[in-house]
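What follows is a pair of complexes built around subunit A, which joins subunit B in one and subunit C in the other.
Let's turn to the complex of A and B:
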């Protein structure tokens, strides 16, 4: 007995490496297409992929790799962010110095902080490009409407993460950004006051108090924004990102035109699932087939239309990941992340400018805090989020601008949006605005009629006009989205390059007064 | 016949199931409401909004003096002393003085005259005039949380040259 017990033990010990591996990985060696597909199917980390994908997914011009690049940026931001947390101290006395330590003392601290910053900026750009790609290829259409909504949430979360991030160093930028941000949250008070309502209607005060944890900017505000930046927002981001990626699979893979040519050259490649009611299911028990959307298994469709996700898709993703890393590392090596002077509650910088992606917003806010800071952004986000529900025309997904007509509409919209945006800046700069013409005008008129609100209305009217002229909701949507993009770019440009001290207009920073 | 007027009685098992579900939902909802109370502080942690601005003797009529740490401009005339807040009523930046004695906001370009009246830009209200009073020892006290009508000067009762 004792001998055979020992022998068994010896046997088990010898088999330990193999058994450990077998229990860790639930699939065999990835030596054939079948084994690799099985691995994608059974592996927790790989199962976000379909086991087989359409070759069109791999073509560069389908997605430009933007979504995968965003995931790569998020991973880079998480890794560098955790590293920064090792030294960063969220205290108004110590925050600034801990960033200086990171920059000058901590080994690789400056490099890691640079990467964190450039990846964050890259993420804002990439989110917008990704949104534009999905929009212009009509990939938001049924059954992918809700994934577009999830994408809008991720867009807002990205901006919220950027905002809460750049105020952690507690430099001049940080301090005045918190002040302005909290006061934008409180700006409904502007309307309450203009209407002469009692102070009990000041919901803005409550919003500001919840953000700041006090009625002035201080330690409580820093603690709260730190909590948002490292905990609340990233968790929300991971959660929604997970659903966003999962929905790509469940909504039938990437959008693509019906009848897309395939390598096998046969079959009609519609993988877009149709909802199948379980009524056609057998009476007694439900098999998996009955709850899977669409006609499953895909009959009349050659499996040769698709290629295995491993190696083709994984290879493409790895490539995008490497390029993203390369760009972030190169930017981090070449350019240092800026740090302004330590926060001074007595004097803001002049001009006090937000990072570039908020300068369009700052331009809007310089007309009216409530309308420019809350109402218009809310309308824009809601309006964009609802596009898939208001434009339900069936048409080939995956075609840029939905064809030549869409391209023409987009070009005209660029022209219109650019003229309107330039006018909205140029007229007030040249001729002033309501208060310059009627010094005692009631504030309510300025809240309602300001260059920002008029520009928004102009864009909405233009899109509706296109919609009614072309009798196509898709073309109306193209007009609207193009207006949004062009307006964003032009106002950002104005805020970045054409605004100087006291937010006055200058053709170039070289013309700024010296003092 | 069961119908809209005489619906089937709900089976006891379904009723119990629904009751359990609603109990759980109420418990979760109640907890969420309770949790939402926590982030709203009961006591404001910041320093008092009242600060001492010095003896009235420091403010003979005609004095205009900025207290940078308190972000106010003290103005003294024959009528008394007033405190003009330099916090922009738009989004809370600190306004700077321009060449004509008025104010410009560096963040979004609001413009005010020397009395704080809005001349241009997005500011929805004039700069705030703050309540000035006197402490027992005669020192002037400004309360940044209390506003008084524009042009309201506080006449100090003592400690001021006749």
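Let's turn to the complex of A and C:
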């Protein structure tokens, strides 16, 4: 008894590594396409993928890998962010010095912080590119409308995450950028003052106090931004991101035109929905698959067109991840993240600039904080979110610009949007604006009629005109979205490079008056 | 859409994956090497270990050289709020054998470190700069987004003043600071600038000026490095070039004096250093500043008044301000001015002119000091030939004398004879304003009478009775006009009350 008990124990001990592995990864290393598909289906981390995908998914020009790159950036940001949290202290006395120490003495601190900063900027750029890709390939069309809305939420969350992280180093850049942000939050006051309403209507003050916990940027604001940056916003991001990815599968994988030619054929086994049920799995699973209605990954499609996700898709995703990683670490090695003097409420930065992705808004804010900072962004975000619901034309998804006509419309829109945006900057710079022409004019007129609001109206009118001329909501949407993109790029460029002290126009920062 | 060649695509992906992975590894490796092998401080400390071994005279020294660790060393001084890692790259600062070495290995100059051990004082409290940094450029921190860059060596003595007084360090390595402190008094800077609550209000107060940061200074006119010391030095050379429209007279300093005064300015830091760091003399200075011992009138005059009034014996036309500064120690003034008038003008100043208020709430002079100053002004010796006639003197000091002239007639006379200097309506031009409230309230009619009648010897103010062809009646009319100009309700005025009249 004792001997056999010992023998069993010895056997178990010897089998320990194998059993550990088998309990961890229930299937062995899969050796056939079918086994790999099963693995993808049953593995927690892999099951967000379809077991089989269309080979078109692998092609670079289909998605440019932007969505996967964003996930990679989010992972990189989370990893570096957690490492930064080890040393960072969110207090106005210690924050700046803890960043300095991270920079100078904490092992790999400078590298990690650089990666975090550049990956954050990269993420904002990539989100916009991803949005443009999805838009121009019409991938927001039914049944993917809601996923577009989720994407808009992720866009706003990305900006919020980046902005909340901006304050944490507690340097001059952070302090004054957030002061501008807070003043924009307080800008409804502008309307209240212009209309001469009593102070009780100052919603702006309330908004600013909610954001800062005080009337100026201080410890309360730092605590709030820290909390938002490391907890609230990332959790919201992960949740929505999960739903966003899940919806891609539930909405039938990547959008692609019907009847796309495929290699089909050799090496690609047939796969019917019935065959997806692993042979060893209980019959109930099959029933579950039947419950999934209409939009299950393979309904109405010829399984012959597909290739297994493992290894093809996984390898491509890994490649995108590595490219993203390489860009981030290379930037981190070559360029130091900025850190200015310690925050000093007595010494305003001039010009005080928001983070670059808000400089287009700041350009409009320079006329009216309320319209430029709240109304127009709200209209833009709302307008973009509603595009899939207003453009319901059935046409092949997955085709860039929906064909040659769309390309032409997009090109004309680039031209129109660029001219309008340049005019919206050039006219006030050269000739001044209402206040210069009619010094006694009521502020309300400027709040309503300013270059920012006129530009927005011009873009809206242009796309409605395209819409009515082409009788296509899709083409109208292309016009509108192109205008938004071009306006964003041009105004951001102007705000970043052509605006100096007192938000005056300069051709180059070298011309700024020395202070 | 072209057909997808799956095997070819997959092969490309594999290769790209391999290349990006290798490249990422290479970047990580480069980063690790840059930080752990090629960090400048590691190289410097490595070389220093070699120097130590070279200098080792015996086995014990050689053993010490071998034990020299290649790691970051720092002085963390919570009391001073500093973390100084400078000694990481300057390990030889307190090693007397290292006087012949080049920087960064050289020993500290002088005997400063004997009295100021780095473990207690660190480095940046005297030298400024970014103590946390580990490369020279970042430690020097000029243009590196740090509020207090490394002081150029010629200005380092400014930090003596944080804990010491000028006389205390004058012959002990602080001669530049001592000279600066002395110049600050001698040049009469306090005539326009307040410091620790004492001084005029024409210029900005100087408390904490040594801690100003770049963003607080107009740098457009500064030709050198855009730092506080450079700003101060160029500003002393030419205030108007650095601060357009500045009211400050160029202080006319030699190169050495300029450096010394800049050093003194840099020492004005208003920092809350732990009391244990201050020398007994510095404690005494603070104590005395809070309870000033009555200084002599002469000393007060030279410190607070002489930049404008010079010796005070003659009326001075100040080209810079395009105005006359009255001869406050002139023979005429000393005879006719009353003690209460002089003290009132010192205390309250003459608003609308360059003369600021010097009372405790403004310029920081105590009543005792103002009285001392008044005694000094009025004690001017009067030579026999300059004595005013007895009746005039009697009227000047007669509290009951009150002009009964005709203001309308006085206006005509004033316009003809007085506006040339005192400006239309007496508002002040080259000569002081006559309508300001302080003047109107405190100058008695007798004082005005004596001034107009006899003028002020050694100033531009002529005597109108003796030489100007006025009759007594004319003078009374002018006084009446002046009172009307002041818009003064005589019933409520101190003069009127002193005169006991309704």
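Methods note: the second predicted complex is superposed on the first by the 470 of 515 C-alpha atoms of A that agree within 3 Å, B and C clash if a C-alpha of one lies under 4 Å from a C-alpha of the other, contacts with A are read in each partner's own complex, and residues count from 1 in each chain.
Here, a contact is a pair of C-beta atoms (placed from the backbone, for glycine too) under 8 Å apart; a residue touches a chain by one contact, two chains touch by 3 or more.
Only a predicted model underlies this, so the values are computations on that prediction, with no experimental measurement involved.
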Exercise for the section: Considering only the touch criterion stated at the top, classify A:8 as touching first (subunit B), second (subunit C), both, or neither. Expected result: neither
Exercise for the section: Could you say whether A:365 touches subunit B, subunit C, both of them, or neither, answering first, second, both or neither? Expected result: first
Exercise for the section: Would you sort A:468 into first (subunit B), second (subunit C), both or neither based on which partner it touches? Expected result: neither
Problem - Partner chain in contact with A:42 - subunit B first, subunit C second, else both or neither - result: neither
Practice task
Return first, second, both or neither, reflecting whether A:347 touches subunit B, subunit C, both chains, or no partner chain.
Solution key: both
Practice task
May I ask you to decide whether A:19 touches subunit B, subunit C, both, or neither, giving the answer as first, second, both or neither?
Solution key: neither
Practice task
Considering only the touch criterion stated at the top, classify A:194 as touching first (subunit B), second (subunit C), both, or neither.
Solution key: first
Practice task
Kindly list the residues of subunit A that each of subunit B and subunit C touches, one partner per complex.
Solution key: 346-349
Handout entry: Footprint of subunit A on subunit B - complex, ascending
Key = 39-41, 44-46, 68-69, 71, 90-94, 96, 104-109, 118-122, 124-125
Practice task
Note which residues of subunit A are touching subunit B in the complex, please.
Solution key: 176, 179-180, 182-184, 187, 190, 193-194, 206, 209-210, 213-216, 218-220, 224, 345-352, 362, 365-369, 372-373, 432-433, 435-436, 439, 443, 446-447, 450, 501-504
Handout entry: Partner subunit C, residues of subunit A touching it in the complex
Key = 55-56, 58-59, 97, 100-101, 104-105, 107-108, 110-111, 171-172, 260-263, 307, 311-312, 315-316, 318-319, 322-323, 325-326, 329-330, 332-333, 338-342, 344, 346-349, 513-515
Exercise for the section: Using the touch definition up top, name the residues of subunit C that touch subunit A in the complex. Expected result: 1, 3-6, 9-10, 13-14, 16-17, 20-21, 23-24, 27-28, 30-31, 34-35, 72, 83, 85, 130, 132-134, 138, 145-147, 213-216, 218-220, 226
